[in-house]
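Labels run A, B, C and D following the written order; every chain starts at residue 1.
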Amino acid sequence: MGRRHAENLRRLVPQAQLVAVADVAAERARRTAGELEIENSFGSLEAMLECKGLDAVIIATPDKFHADAVKTVAAAGKDMLCEKPLALTLSDAHELLDAVSKAGVRLQVGFMRRYDPAYSAAMKRIEAGEIGVPVVFKSVGRDKDGPPLSAYQANLGGMLFYTNTIHDFDLARWLMQDEVSEVHAYTTVAIRPEVAQFGDVVASVVNFKFNQGAIGNIESYAQAVYGYDVRTEIVGSKGSIMVGSMQQTPATFLTAHGKTQAIADHFLTTFADAYLAEIQDFVDAMLNDRQPRVSGEDGLRALAIAVAAENSYLQAKPVKVSAVSSVSGS
Amino acid sequence: MGRRHAENLRRLVPQAQLVAVADVAAERARRTAGELEIENSFGSLEAMLECKGLDAVIIATPDKFHADAVKTVAAAGKDMLCEKPLALTLSDAHELLDAVSKAGVRLQVGFMRRYDPAYSAAMKRIEAGEIGVPVVFKSVGRDKDGPPLSAYQANLGGMLFYTNTIHDFDLARWLMQDEVSEVHAYTTVAIRPEVAQFGDVVASVVNFKFNQGAIGNIESYAQAVYGYDVRTEIVGSKGSIMVGSMQQTPATFLTAHGKTQAIADHFLTTFADAYLAEIQDFVDAMLNDRQPRVSGEDGLRALAIAVAAENSYLQAKPVKVSAVSSVSGS
Amino acid sequence: MGRRHAENLRRLVPQAQLVAVADVAAERARRTAGELEIENSFGSLEAMLECKGLDAVIIATPDKFHADAVKTVAAAGKDMLCEKPLALTLSDAHELLDAVSKAGVRLQVGFMRRYDPAYSAAMKRIEAGEIGVPVVFKSVGRDKDGPPLSAYQANLGGMLFYTNTIHDFDLARWLMQDEVSEVHAYTTVAIRPEVAQFGDVVASVVNFKFNQGAIGNIESYAQAVYGYDVRTEIVGSKGSIMVGSMQQTPATFLTAHGKTQAIADHFLTTFADAYLAEIQDFVDAMLNDRQPRVSGEDGLRALAIAVAAENSYLQAKPVKVSAVSSVSGS
Amino acid sequence: MGRRHAENLRRLVPQAQLVAVADVAAERARRTAGELEIENSFGSLEAMLECKGLDAVIIATPDKFHADAVKTVAAAGKDMLCEKPLALTLSDAHELLDAVSKAGVRLQVGFMRRYDPAYSAAMKRIEAGEIGVPVVFKSVGRDKDGPPLSAYQANLGGMLFYTNTIHDFDLARWLMQDEVSEVHAYTTVAIRPEVAQFGDVVASVVNFKFNQGAIGNIESYAQAVYGYDVRTEIVGSKGSIMVGSMQQTPATFLTAHGKTQAIADHFLTTFADAYLAEIQDFVDAMLNDRQPRVSGEDGLRALAIAVAAENSYLQAKPVKVSAVSSVSGS
C-alpha cells in the first residue's frame, strides 16, 4: 500500500514532490527509492522526519503501528494521511487524536472508497434527495485470497472487522448521513478453522441499526476465490442505489462454457482511480491549507463500530456502539 | 393467489381438472367459476369438500386460516397444497401436521421459488459441488408497494417475517442443505410508523447461523417502490452463485436520461413459471401417488425460523430456532 | 418444430383440441400421437385432411414443401399456420397466396418473435413514440451449432437467408413500420468451405435501406458455438431500444475463472413463451373468426427481402427488393 | 483534443516535459499555457518549431490540416503523434508519409482505442487463440450529440467515415489481423437532411469483407442522444468476444421508472485511460528510441477503407479498398 501511494505521488501527482521513503527494512526502502528515482530513503520514521523539505507524511505501516506513527508524526509537526484503521483500540485512537489536536497538524484517514467515482456519484444522488429517506444500508466486501497463515501469526493487524469491514462501516456512516447505534455479528471459521487461534474469522455478517431508525447489514469474506468483490446498496423511500461492479474490464467472452467476464482480483485494481483521487485531494488540502475531507473523527467513529462488532461476536449478543464526543483536533 | 392457481390449473394443466372453487364471498366464487368456465362454486370450504369428484384441494386463504383449512381438508381425506406460511404459530403447525398424519393424506407447502428455473439451476450446481462448501447465505426480498393500511387492520396475515421473509428462510434451508440454529433481527418502521401498532414492520435485517458453522443474512422490505426484487447469493469455498434478476423483459431503453430497464413489479410476474411448475409438480405427485417435494415439515421448519426472528425482534436479542423433531405424516 | 407446436396445443392450450398429427414417416406420427395421448395419426397431409373434426392445420414440414402444403390445406378449405419461410421462391409464394385467397381460408405465418415479451414491449414503446423517428435497425441472429452436413445434402431448406435471417427481415419491417427497398450482402464459408457446394454459407452481413430513408444491417451466423444469440436494436432520433439477452436463466456463477452465465442454446428455449403465445393467438383468431396478426403478405414480403439478399450475394452488387402489390387473400 | 493531450502530458506524465503549446488563435494558446503553468505559447506551428528543447510534437489540428502539419513537423526533424485521420485523401497521406520517411522522423497515429484496457484484453485473447479463427467483425460507434451546423459549414473535417468510422476501420484491421478488401455502404440523413449539402451524413452502415474470407459490418451514428456508445464484437470459430460498456460508472439507480444507469456522454470520459496510455506509450517510444506501435501505415490503411466507404456511398455500389504497398518510413 505504501508503495502504491509513493508511486502515485511520484508518477501522477506533479503538484507534490516525493521527498523520501522509509521502511524498517532499510534495504527495501533504498530499493524503492531507487526504482522511484528519488534520493532519500530511511530505515525508520524518526530518521525520515529529520529529512529536509518534508511537509507531510503518508502512514502505511501495519495496522498495529498506526497509532504510534501518527503520534510521532504529530510530534514532529507534520500533516499526515494515515491508512485505515486509524488504530486497533479506542483508547489508542483517542490518544492519537489528542496528540494530533495538540500539535495542531492535519490528519486524513484512508477511506479511499469515498473517492471512487461510483460511490461519489451515489452520494450526490442521495444528497439531492433522489432516493428519498434512506431506510436500509447493505454492503458486501470480499477479498479474493485469504491472507497466508503467516500473516495471522505475525499479529500485526486487527481481525476482519478492522481490516475489511471497517471500509463498509465508514460507508454506512457517510452514505446514510447518520451514526450506527448498535450492532450484532455472527462469524464463521468453517472452511479455515486454524485462524480461530489468532482471534480471527473467515467471514462475518453484521446487523446494525442507525440512530434515526434505519437498519443495515454488511457481509465480509476473506477468501472469495472468484475475485475482489465490493458492492453497496442504499434502499430509500423513493428509490434505491446499487454501487459496485466486480467486472475487471468491459470485455465479455462467449464460449461453449457460457458468457464469462473477468473479475477484478485486487483492491488496487478496482480502486486504482480512488487511490489516486484520494492522494490528489490530500495534496490539495495541504497546498490550500484546508482540513482533509475524511477526518480523524471519521477514523475514530468507524473504529468504534468495529470494536462493537468484535464485542458482539465475542459476547454473542447485540452491542451498542460507544458514544464518541466530537473531537476538536480532527 | 387462489385465482392464479385456479387459472393455471384450468388453462395450462390439462392433466388436472378444476372441479370447483370456494370463497367465503360466495358471489366472488360464482364469478370466478363463470370466468374459468367451470360448473361448481361454493361459499365455504366445507361445502366444497362435499363436491363430487374432488381429489385434492389448493388452500390459498388468508394466512390466519391456513391451519384450520388444512385440518378441515385432512378430515375430509383429501390431499392438498397449502400456501405459505403453513400456520402463524408453531402449536398450530404441529396440530395440523398431526391431523395430516392421522388422516394419511398428502400435504405440499407453497414454497414456489424452489421451482424457479434459476433457483433450481443453482441448486443443481451446489449439489454437484461446483461451489465447494457453502459458507455464507444471503438473500434480499423486496415488494414494490407496501400493503394498504386496511390489510394491517384486517389482521389476517402474519408480520413481515411470516409473509415475506419465510420464502428466504425456506431457501436458506434448502440451498444450504442445513438447518438454521439461531437468528438475530433488527427491524424498522422508519418511513411508515403507523404499521407498528399492528405489530408489523416495514423492513428487517436478519442475521443467522447454521448448525454446521455457515452464516447468513436476509433483508426484507415491504415497499421498495422501484419494483419486486428478489435476489439470493450462496458464497462457497470454491465459488459463488448469484440468483435473481429484477429485469422484467430483456429489453433495454436508452434515452438522454440513461439506460433504463423495466423492473418486474409483482411476484406473479417474476415467478409466473415457478407457480406453474409448482402446481404441475403437485398434480404429478397426486397422479403418481408420491409424496410432494416440499413437505409439511419444510413448512414447519421455515415457520420455526420466522417465529425465532419475531422473538429476536421483540426481545432485542439473538434467539435459538426451536428444535423440530422429524414429523411423521409430512 | 411440429412436435413443439403439437405439445403446446395438447398440453397448454385447452381452448383448442389437438385432433391428429401427420408425418410422412407414419411410424413417427403414430409414436407422437401415442406420447401426446391423441387418437389419430396419419402418414400424409392429404390423409389427415380427411379426418373428422379438423378445423385448422399447422404446417411444419421442411421449408421446401411449405408451398405445396399450404395449397393442399387451402384446397381442403381449412385455416392454417405455416412455419417460416412461407416458400422458397417468390412465384411459389404468389401461387400459394392466390390459392389461399381463392379458397377464402385464413393463413398465419410463423414469425413467432413478434410474440416474444421483449420484442412486443419494444414495439409498444416505438408505437408510443418514445424513441422518436427510427433511423437505424440492427439485428444479430446466431445459432449455436451449424446444421450437420447431411442437412445440406438433403436440400430440403433454403440457404441461411431463408431459414435464419428471414426472422430479422420480418422484424425489420415490423419494428420500423416501413419496407426494405434495397439490400447488399457479403457472406463467408471461411470455417466450413464444404457448405459452398450446396449453395449455402456460414455467415452473412446484410446492409439495407428502407423506403423512408432509414438504414440497417443484420448479421446471421450458423454456428456460434457459445449459444443461441438473438439481439435487435432500433436507434431513433430521441432514444434507442435494445432487445435480447442471451442469458438462459438469471443465475450467475462466480469462480476463479471469472463470472459465468449460462447461455441459451436453442431457439426452443429462448422463445418458448413466444411459441406458446403465437399458437394461442392463432387459436384465438380462429375461434373468433378474425384474420391472423401475421399475414401471408408478411410472409411474402420477408421472402422478397431474402430473395434480394441471395441475389446480392450471387451477383456481388446491391439488389432492389421486388415490389409486392398488396395481396388480397392474406 | 489538443487540450486533453497537453493536460495529460503536463499533469500525468512526469517522464515528459510539456515545453510549448501552439494555436492559430494565439490568445487561446496563451491562456492554455497559463492554465497549464508552462512558459511558451505560439500562434503558429512554424513558430513553435523554433522553440528550444522541443523533441516531439502532438498534432491535434482540424483534420484538414493534418497532412500539412505532419509535413511541416517532419521538415523540422521532429517526431510526432498525429490525431486520426492521418489525412483526408490518399494522395495527401502518401505525400506526408514520403516526407516522414525522407526526414527520418517517427510518426504515431492517434488510434487510441488500441490502448483501452478492454480492447487490449480482447486482443490478447484473440492472439492466444481463445476464440479460434475470427469469422465476423462487428462494431458500433455512436456519438451523443451531432456536431453543430457551423462545424459542417466550416468544412475543416472529413465526413462521418473519416472522423468516426475510421476508429472502427482501424480496429477491424488490428483485431482481425487481416486487411479489408472491399466495402459497401448505405447512409442516411433522414433526421437532419441539411447536412447533405455539406457532403456528410447522419448515420451509416458499412458492410465489408477481409482478404482471408472473414466478413464484417460497422454502424456509425452522429447523434445517438442517449450517450457515447462504442461496442465491438469478434465472432470466432471457437467463441466470441464483446468489448464495450456504455455505462459511465458502476452505479445503478432504481426508481419507480425502472433501473437506470448513467451512460457515458463523451469519448473523453469513456476513453480517458486510453488517451493517457496512448501518450505514455508515445513518450516511452520516443525516450527509448523505438518505432511507435501505431504506425503511419496504420493511418494510411484505415484511411483507404474510409475512402472506399465514401466511394461506395457516392457510387451506390461495392468498392474495393485501394491496395497499399508497404510504406518504408512508417
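The rule is simple: a residue touches a chain if its C-beta (ideal position, glycine included) is under 8 Å from a C-beta of that chain, and two chains touch if they have at least 3 such contacts.
What you see is a predicted model, and the numbers here were worked out from it, not measured in a lab.
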Farthest chain (mean CA position) relative to chain C: A
Chain pair, A-C or C-D, that carries the greater number of C-beta contacts: C-D
Shared interface numbering between chain C and chain B [over half = same, under half = different]: same
Separation of mean Cα positions, chain D and chain C [Å, integer]: 40
Centre-of-Cα separation between chain C and chain A, whole angstrom: 56
Sites on chain B at which at least two other chains make contact: 224-226, 238-240, 247, 253-256, 262
Contact set on chain D toward chain A in their complex: 10-12, 14, 117-119, 121-122, 125, 130-131, 238-245, 247-256, 262
Footprint of chain D on chain B - complex, ascending: 224-227, 229, 246-247, 253-263
Complex interface listing, chain A residues touching chain B: 132-133, 135-136, 138, 140, 142, 182, 184-191, 202-209, 212-217, 219, 221, 224-226, 235, 237-240, 316-318
